[in-house]
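Should a chain be cited, it is by its letter among A, B, C and D, assigned in written order, with residues numbered from 1 in that chain.
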Amino acid sequence: MEELKLTSLSGKNKTVVETGPLRIGAGFTVIAGPCSVESEIQLLTIARAVKEAGADALRGGAFKPRTSPYSFQGLGLKGLKILEKAKRETGLPIVTEVLDPRDVSWVSEFVDILQVGARNMQNFSLLKEVGKGYRPVLLKRGMHSTLEEWLNSAEYILSAGNPNVILCERGIRTFEVYTRNTLDLSAVPAIRELTHLPIIVDPTHGTGRVSLIESMSLAATAAGADGLIVEVHHNPKEALSDKAQALLPEAFNRMVRKVRTVRACLESLS
Amino acid sequence: MEELKLTSLSGKNKTVVETGPLRIGAGFTVIAGPCSVESEIQLLTIARAVKEAGADALRGGAFKPRTSPYSFQGLGLKGLKILEKAKRETGLPIVTEVLDPRDVSWVSEFVDILQVGARNMQNFSLLKEVGKGYRPVLLKRGMHSTLEEWLNSAEYILSAGNPNVILCERGIRTFEVYTRNTLDLSAVPAIRELTHLPIIVDPTHGTGRVSLIESMSLAATAAGADGLIVEVHHNPKEALSDKAQALLPEAFNRMVRKVRTVRACLESLS
Amino acid sequence: MEELKLTSLSGKNKTVVETGPLRIGAGFTVIAGPCSVESEIQLLTIARAVKEAGADALRGGAFKPRTSPYSFQGLGLKGLKILEKAKRETGLPIVTEVLDPRDVSWVSEFVDILQVGARNMQNFSLLKEVGKGYRPVLLKRGMHSTLEEWLNSAEYILSAGNPNVILCERGIRTFEVYTRNTLDLSAVPAIRELTHLPIIVDPTHGTGRVSLIESMSLAATAAGADGLIVEVHHNPKEALSDKAQALLPEAFNRMVRKVRTVRACLESLS
Amino acid sequence: MEELKLTSLSGKNKTVVETGPLRIGAGFTVIAGPCSVESEIQLLTIARAVKEAGADALRGGAFKPRTSPYSFQGLGLKGLKILEKAKRETGLPIVTEVLDPRDVSWVSEFVDILQVGARNMQNFSLLKEVGKGYRPVLLKRGMHSTLEEWLNSAEYILSAGNPNVILCERGIRTFEVYTRNTLDLSAVPAIRELTHLPIIVDPTHGTGRVSLIESMSLAATAAGADGLIVEVHHNPKEALSDKAQALLPEAFNRMVRKVRTVRACLESLS
């Protein structure tokens, strides 16, 4: 990992990514929302619910990287406008995925944090483009990526000029079939010893099963993560994507309370 | 998972494996000790240290499954006698691995719990033999095994007559090279919803890196594990096996305190 | 791979494993037969068919390593007697799997080659026992095993005194679900440059799909394998194990002809 | 695999991708050249050598997807001009990788086939863009991708209007470390039974070891591939990327002869 000039820890201070009220890397940040923005009423309903449950930021996809070209591809600009409206109403900063380098600049005008998804972790054109941008970047780990490759992808962003990268572990692909992916929580302390960048965990894609999300959120917190990103939907069965893995607002609410209690307990220990 | 007649949850009460003072599955059980029994002085030194740090049982290998035939293969009977002595002195119940069906019966006279290691998870002769025995069995997950296969291996033991099986997640093999294995903590809540058997976690083999063990122990606890099994050595550099991954007694002591605090915090939540 | 004293190539001559008319490692050896011995009539029917198609040896399991304790576990001694009878009638040497160190000695009296299966590749008690025996050993690669671990398992057998080891690539476990395993044919030339032991390929377990077996047999041959081991059944739908992957005798016959043609073509090239 | 309307086989005729003198999917196509275009003299030297050895097309990267931002990123436009010159001199059609949707249109004016690399197999913006283009697309399998995902990525291209897709198996990521990837040759017959698109194999990235390439090329041919894409360099040690895996022209020459002989042998069989 010799070439990680900007990303490696080597004596640097821990990075705190600041945007609006958020300070990711200081304290514990919970990002929540639906997989996709489907409609104004859907997003606002969920935004209010997660705000009330104590979320710090709102996620929602306007551009969806779908395996099949015939699956719902997201609302695009219309989705971004809905996200903007939800921010106006709830005050929650917005996280949304960007798929195409041509979209980076104009999407940045609508949202607070740009997500680079697992499938694009080595889309180097996209990395360079978000690296030239001014918005913080949530960089998900590729489902097949080593820690070293992941940090090299962060280095692409940092070396292009953008210091605000948040890493996100979201599960790797293994032979196990009970879970959608295998959430690699050892990545949390490992990343801690390798880099100064904050790391959050996505238990939703990491497991693909609603019933496992609370436990894995607690585990991620105890492993030392700087936060979570979780899918929440008020009506998962009708969701246009990722039906099987979104928490109901009530379950999310309960989970946030537990997670914050465990986090406080851990802070009292060290 | 239709054929898991005895192992599946389906309305059964959670199993509590009792042996001597241990009640695995009720409360939180910490098993600790060296990878291998190397000498009387080594084992007794470590046994006293882990006892003092709050361990509930002592682990130590007398038969070692080593990749190379030229690596240290364990002290065998001599090792068992040392384990017996450590039990006499500290009162800690003993966990040791058994590799060969021919050893099950006589090794059972020396120890309290028989471990079936990851490499033997589908050694069906061994499973049948420990299933006919009277000692509780700690069944590690194979490094390539699905949850379904693992539970089928437990079913071999239960269907042979022995109801006392403790499952142990110890990491699966993936492409990641920073860690020795990828500890699959989602197995903890997944196993919870599939079976009534208790499940503990081995963060030592699961990561292969001393620096990650405390974090992963806390994470395993928060994920809902019934306990931990951890390698501890007072002089890891001189250890005859697994040099790079044993905790020093002081680090183990600190970890146990933190783990018990997090466990108490979680119990207060539910 | 420093510790592979006996297994490493390092200037040694290629091993030819001889038993009866077989010379594995010189020429191209085809081993075929059912997954399990089910009855005398089943085995004899298949034995005659594979003999006619040009097989060099007969495989058939009398002890079956099954994931579930409730699956057919093999006919045991009765199966061995049927194998012995098939040998008497067809002259084909017999390959059968052995699962338990206690069975090595007496099973050796019935068969010509002992197979150590993928799940037992690191069953070190079994490796030592077949290493002390006088029968050649067909050592399958574990589904999670690196080449280095595999060769270390061979070293267990060689260092116990038995020089007659045949390696068998049978597919490793990956994320792919279309095939049962991923057949790693690069293992063939890799093993060639690492060791003097012969290597054969099992396309049946390697793919788990009848429709892929001929192609993969041809590929294995072109990769330089010393032979193949293939499941054949005259009535796959009624088979007691591995229904979905056994070739019909006609298909096997056609495959053998093609494989031998490709092999001859390759020999003319070098 | 229900949604593969255009990509699935279901009674369609096999696709032959035609461009200039090439007819990929009819006969056997060998594509060769350096990993990266480094200079005019380097590329021309290699182009002449592979032409003489019987290659049908020339590969060479002008845009390189490198793990680290500090590694050689390719010569860009200058590289394309050199490729164009090599085509003029040798008559070989040109295959080059494109990384960014913004490059698709202008790069198409310089080359004959656009490659979408493994890391971009699910870069859906890029897939849509090459799907709108007029150049055939060589679509590599992602190192973590199932066959179903791969064919869905092809469906993105076909559904955008471009019917000329060539699939390329290049190895998947597993736990094995001796090889850089695990070349999944069962993908060749599997893809055959799932789709009408041609499939070629990349033994260079599939193994990452010069010593294994000839064997795996022969195996790919025997498995039924429609061709090969191989890295060749006249001075591998000085190469700016992938030093350890490029064949020397002489070795490539020998390999092509053998491969064509095996191919002819196979054609005589069916």
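As a convention for this text, contacts are C-beta pairs under 8 Å (C-beta built on N, C-alpha and C of every residue); 3 or more make two chains touch, one makes a residue touch a chain.
Being a predicted model, the structure only gives us computed values, none of them experimental.
The two sequence copies subunit C and subunit D touch through a face in which the numbers common to both exceed half of the numbers used overall.
Mean C-alpha positions place subunit B and subunit C at a centre distance of 34 Å. Chain geometry summary: the mean Cα position of subunit A and that of subunit C are 48 Å apart.
The set of subunit C residues that touch two or more partner chains comprises 144, 148, 173-175, 177. Contacts between chains leave no pair untouched here, as each chain touches all the others.
In the complex of the two chains, the subunit A residues touching subunit D come out as 3, 5, 65-70, 99-102, 119-120, 122-126, 128, 142-144, 148-149, 152, 155-156, 159-160, 173. Put simply, subunit A touches subunit C in their complex at residues 173-175, 177. On the subunit A side of its complex with subunit B, the touching residues are 144, 146-148, 172, 174-179, 182-186, 188-190, 192-193, 206-207, 209, 211-212, 215-216, 218-224, 258, 261-262, 265-266, 269.
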